[in-house]
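Both complexes shown next keep subunit A, but they swap its partner, so subunit B is in the first and subunit C is in the second.
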Partner chain A sequence: MAKIELQNIAHSYNPQAADKAYALNPFNMTWVDGGRYAILGPSGCGKTTMLNIMSGIVQPSEGKLLFNDVDVTKLSTSERNIAQVFQFPVIYGTMSVEQNLAFPLVCRNFEKAVIVAKVQEVAGALSLEGLLKKSASKLTADQKQLISLGRGLVRDDVAAVLMDEPLTVIDPDLKFRLRRQLKEINQKYRSTLIYVTHDQNEAMTFAENIIVMDAGSIVQVGSPSELFERPKTTFVGYFIGAPAMNFFECKLEGSHNVSFGGASIITETDLSKTGEATLKLGIRSEYIRIVETAGINTIKAQVQRVEDLGTHKLVSAIFDNQNVKIKVKRDQEVPLDSVSLEFPARHCCVYEKEQLI
Partner chain B sequence: MNFKHKYLFLLPGLLVLLGILIFPIGFTVRLSLSSWDSFYPALDFIGLDNYVRLFTDDKRFWEAFGRLSLLSLTTVFLQYVIGFSLALMVWKEIVFQRFFRVLFLIPMMTTPVIMTVIWRTFFHESLGPVNDLLSYFDVTPLWLSSELLAKFTVILVEVWQWTPFMFLLLLAGLLSLPKEPFLAASIDGAGPIRTFVYVTFPLMAPISIGAIIIRLIEASKIMDTVYVLTSGGPGTATETSSFYIFIKGLREFQFGYSAALSFTYLIIMIISLTIIAKILVKLMVRGN
Partner chain C sequence: MGLLYTCLKYLVVSLWSIFVIAPFLWAISTSFKDFQSVTNGATYIPWVDFEPTLEGWRALWKSPAKGGVDIVEPFFNSIFVTCAGSLISILLGTLAAYALSRFTFKAGFIRNSDITFFFISQRIMPPVVLAIPFFIMLGKFALLDTLLGLIVVYIVLLMPIAVWIMVDFFNKVPREIDETALIDGCNPYQAFYKVVLPNSIPGIIVAGMFCLIFGWTDFFFSFILTFTEVQLLPVAIVALNSSITPWWSLSAAALVSVAPLIAVAFVVERYLSKGNLSGALK
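After this line comes the complex of A and B, so read on.
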């Protein structure tokens, strides 16, 4: 396994053009050896381009890629010693499961005894022991995807296992099991796992660190809780969490206060250096509380509808022509007309020009 | 819309189908049960006499069928190997890629009969340029009048004419393949031979089978090349089933008997091509 560094990496699909458009804007990034990462972002944000640059499928138009401080930018895919799992399972259909797992070692002329031992070990880790003699083409989609992963794990010297939306074709109940297996594998082999997805739930449950991307740029890197609690931009706030973070157009009122619709909201953010008069207040629907009486940090909103989502209720309300979403427990009674909502100060985030203050 | 209206809309299509497919086959079957020839041009009924004659007293037809099998299997095999090689050559980015892609298709765009006349001129044993050149080495092979070389010449012309068709189908197949299996093979460290054996060939198997079967159907009807190049000769050395049926029907005017030959030939071809397709699937699509 290796530490992977991306130094001023950028990619444009038309690098010669005068006004070249970047698929990936210049950035620096270090992937710690043995880390478990997820690259998260909407379709077309550049996450697959970033993964393909690391695997060597795409040559970056600018910057350097280092594996353990060695420049590998110009090396081919096979010379980089990485493993990649694609969106759709890639198996060698004419081979058995055992032959599939052994293939990377056979190609590298390992001794037979080493190959057998390694295949057994990886098959055990992936729960594929019983299927070793079976034809790979006869397996289910999730088993095939495990083989793709297994081919990456049989090599001890693999720098990182890159996964490009690997669970897309997997049934929801199996996704959970596979994610758990991936975590176990990461802990067992200390392999650097980099996982590309547009599903925030997958990213949040899998990764230690999440890289959120938008329009070719990295907008935030952090743990799932950091992304949830303190989104650095309004985009992250919208993108992470279900429902998305509530945002309200508001005005600066004091060193820690903002106001909108006649309500004053105290936050824990120091706003004394803020130049902008118009700001945005963000708060997660999970942290808004329905209270019986109006007090500090409360607003009086009109309830629009209450949806029972099985695990909780989602209340949609309107205040000052702005929508508010509140998550409450299933058994909580919600008034169907007006309701007082409390915004706890420590959960209020204030944004200036879409950036967290 | 009620049930009957559906048939009204289907009727034009059904009539065309009846006219162009079912009627000719039905008429051929009926004709095969008659003794219609130049002496007695009438649709009488002689039962299975023509078929009895075919199975008991027509060695020449079966010899022609054996020859056809040899010629068609050999030509299609060579077309597949050469066509696949050429398609692989221009599949990846190479210099003058477009030029080569068009160049390899030219033989298919030419008129087969005219090209066969040109080939016949090439291989003409006393006047052709091939023997003219070879005469410098004191060799003048009998390209069209030796039993073995005449077969070789027919195969050569057929391969030249129809390899581009195979090339076209296989190139289209290669261009439609997903790129991930190739990337995975590269990541796994597979070289070009392993990538071909374990990725390209298995992925191309369904397309290959389709292309081979299409060409086998076409090759089994081989007629114009033989007609122009050798007229089935020397003797009957290059006479194929379709050429033999042509002789019986349009030279000897034994319409009833040639209909029986045609129908028998059709049945044999359907059965043998089905068997060949199944064998190919078993051989080439091993994983499934």
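After this line comes the complex of A and C, so read on.
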């Protein structure tokens, strides 16, 4: 287990080219020992490259990688003592399940008694006890992925366990159970877990800290609630939450006020130093309230449709040619024509050039 | 429509089976004939059309001094040269193919695909182009008319096949297998022989089968590069042909020469039917 620091790390898959085209732009990052992290971002944003740099599969074009303040940038993968689980199951098809689980320990010359005990423990945690003597190639895709996971968890001296969308091929029911087990394993062994995903629900339920990435850069690092409540950029607002955050083109009106479509909205953000006249107002659909009478911080929108999503209703409305989505309780009555919507000031975020003020 | 299709299907399969099996039946039948049975018109069924005899078979291991043709030594020479050539080709070819599949080589304009093509290009040239250089080189190293010389030539001829098949096979093996082995604590060599190699046995078997077939059936080089000391089976069989062709011994020798390949085909077919040659990894 180790504190992992990435210092000015950057990577280009074609570093000799005049236009380097970074897959990962230069950045600094510290992963606290024993932390549970999720790297979240759309496909091709550099998540897997970052993971491969940490495990040593990819040598970064620039920067240094430190494990407990020791420079490991030039060390080989096996010397870094990292565990990594890939998106698709990687099993050693000619070995039994037991041999697969024991392989990382056998390679590192652990004592036989330790290997047997550890394999039993991990097999128990992943419900693989009954399959230990079976050939790994004969198992189903999700059982194979459990073996991949097991090989990642069998060593408890690893610097970190890196997981690259490991639950993609797992059934939803088992996925939920495994996420919980991974959390428990992290709490038990305090091993650093870094989990790459593009599924925000997975990231939000699993991690203590989430790193949101876009186009090779880290956009925001924070707890699930920070990302939800105060997205640092409009990209994070769109990417986190279902539905995405509502954004409205608006004009600066006062030190805390913005206006759009004739409505004035008071926020808790100090806008006195803002240079831009055109801003964006962001608010989560969960925080917009349907009120009976128009008052302060309200707009009058036209309801387009109401969808019953089982646990709640999703109201789609339009105001000043801009769409508004509102999440309401299932039993709440929603007028089907015009509706007054209140924007609570403490939940309003204001963005200048797509960045949170 | 369904019935017609089934009938047509069986008809085509039956015709093809006859086409494949008939020469074997002809050779088996002829191998039990003597001079009279062969020359007195067409006969097919033993004991009905002609009286079977083992003369043709006996001649195969009688020395020429006793009127035989003695293909025992050429048979074992062929087995030795083909197996040794195939084994070394597979060993070297698998290593070369793994390197070409996993590492990037650059030398001027030459890249991995060019190196792979260079290997395969050895098989594009007509054998006669290679015959004179082989003859001169083996002569210089005193390897003409020796088993070792033939093995060296067969390695040159068979390794491209091994490289070609194995590069394609390794390219289909996910790199994550190697990467996982490295993460689990192997160095690159251990990752190859502990993880990648055991998973590549199906590919090695296919490559080995092709090497054995091409090695075993080669006539041209064994004919050009040997004289009196060493003889391989195809050359020995052709040598049977004299002014009066001994069809009975020739048929028996042909059956003996094809028997090892049939045995290999049966072993590999059983392996193929288990589905072990595909999807071994995921």
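Convention: the second predicted complex is superposed on the first by the 357 of 357 C-alpha atoms of A that agree within 3 Å, B and C clash if a C-alpha of one lies under 4 Å from a C-alpha of the other, contacts with A are read in each partner's own complex, and residues count from 1 in each chain.
Quick note on the criterion: a contact is a pair of C-beta atoms (placed from the backbone, for glycine too) under 8 Å apart; a residue touches a chain by one contact, two chains touch by 3 or more.
Note that this is a predicted model, so its numbers are computed, not measured.
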{"item": "Touching partner for A:Arg151 - first (subunit B), second (subunit C), both, neither", "value": "both"}
{"item": "Partner chain in contact with A:Ala277 - subunit B first, subunit C second, else both or neither", "value": "neither"}
{"item": "Partner chain(s) touched by A:Ala136 [first = subunit B, second = subunit C, both, neither]", "value": "first"}
{"item": "Contacts of A:Cys107 with subunit B and subunit C, given as first, second, both or neither", "value": "both"}
{"item": "Common ground on subunit A, meaning residues reached by subunit C in one complex and by subunit B in the other", "value": "55, 57, 76-78, 82-84, 86, 88, 90, 92-94, 103-104, 107-108, 137, 148, 151"}
{"item": "Parts of subunit B lying in touch with subunit A, wherever the complex brings them together", "value": "178, 180-181, 183-184, 186-191, 194, 198-199, 202, 286-288"}
{"item": "Residue ranges of subunit A in contact with subunit C within the complex", "value": "55-57, 76-78, 82-84, 86, 88-90, 92-94, 103-104, 107-108, 137, 144, 148, 151"}
{"item": "Footprint of subunit B on subunit A - complex, ascending", "value": "55, 57, 76-78, 82-84, 86-88, 90, 92-95, 103-104, 107-108, 135-137, 148, 151-152"}
{"item": "Subunit A-touching residues of subunit C, taken from the complex the two chains share", "value": "174, 176-177, 179-187, 190, 194-195, 198-199, 201, 280-282"}
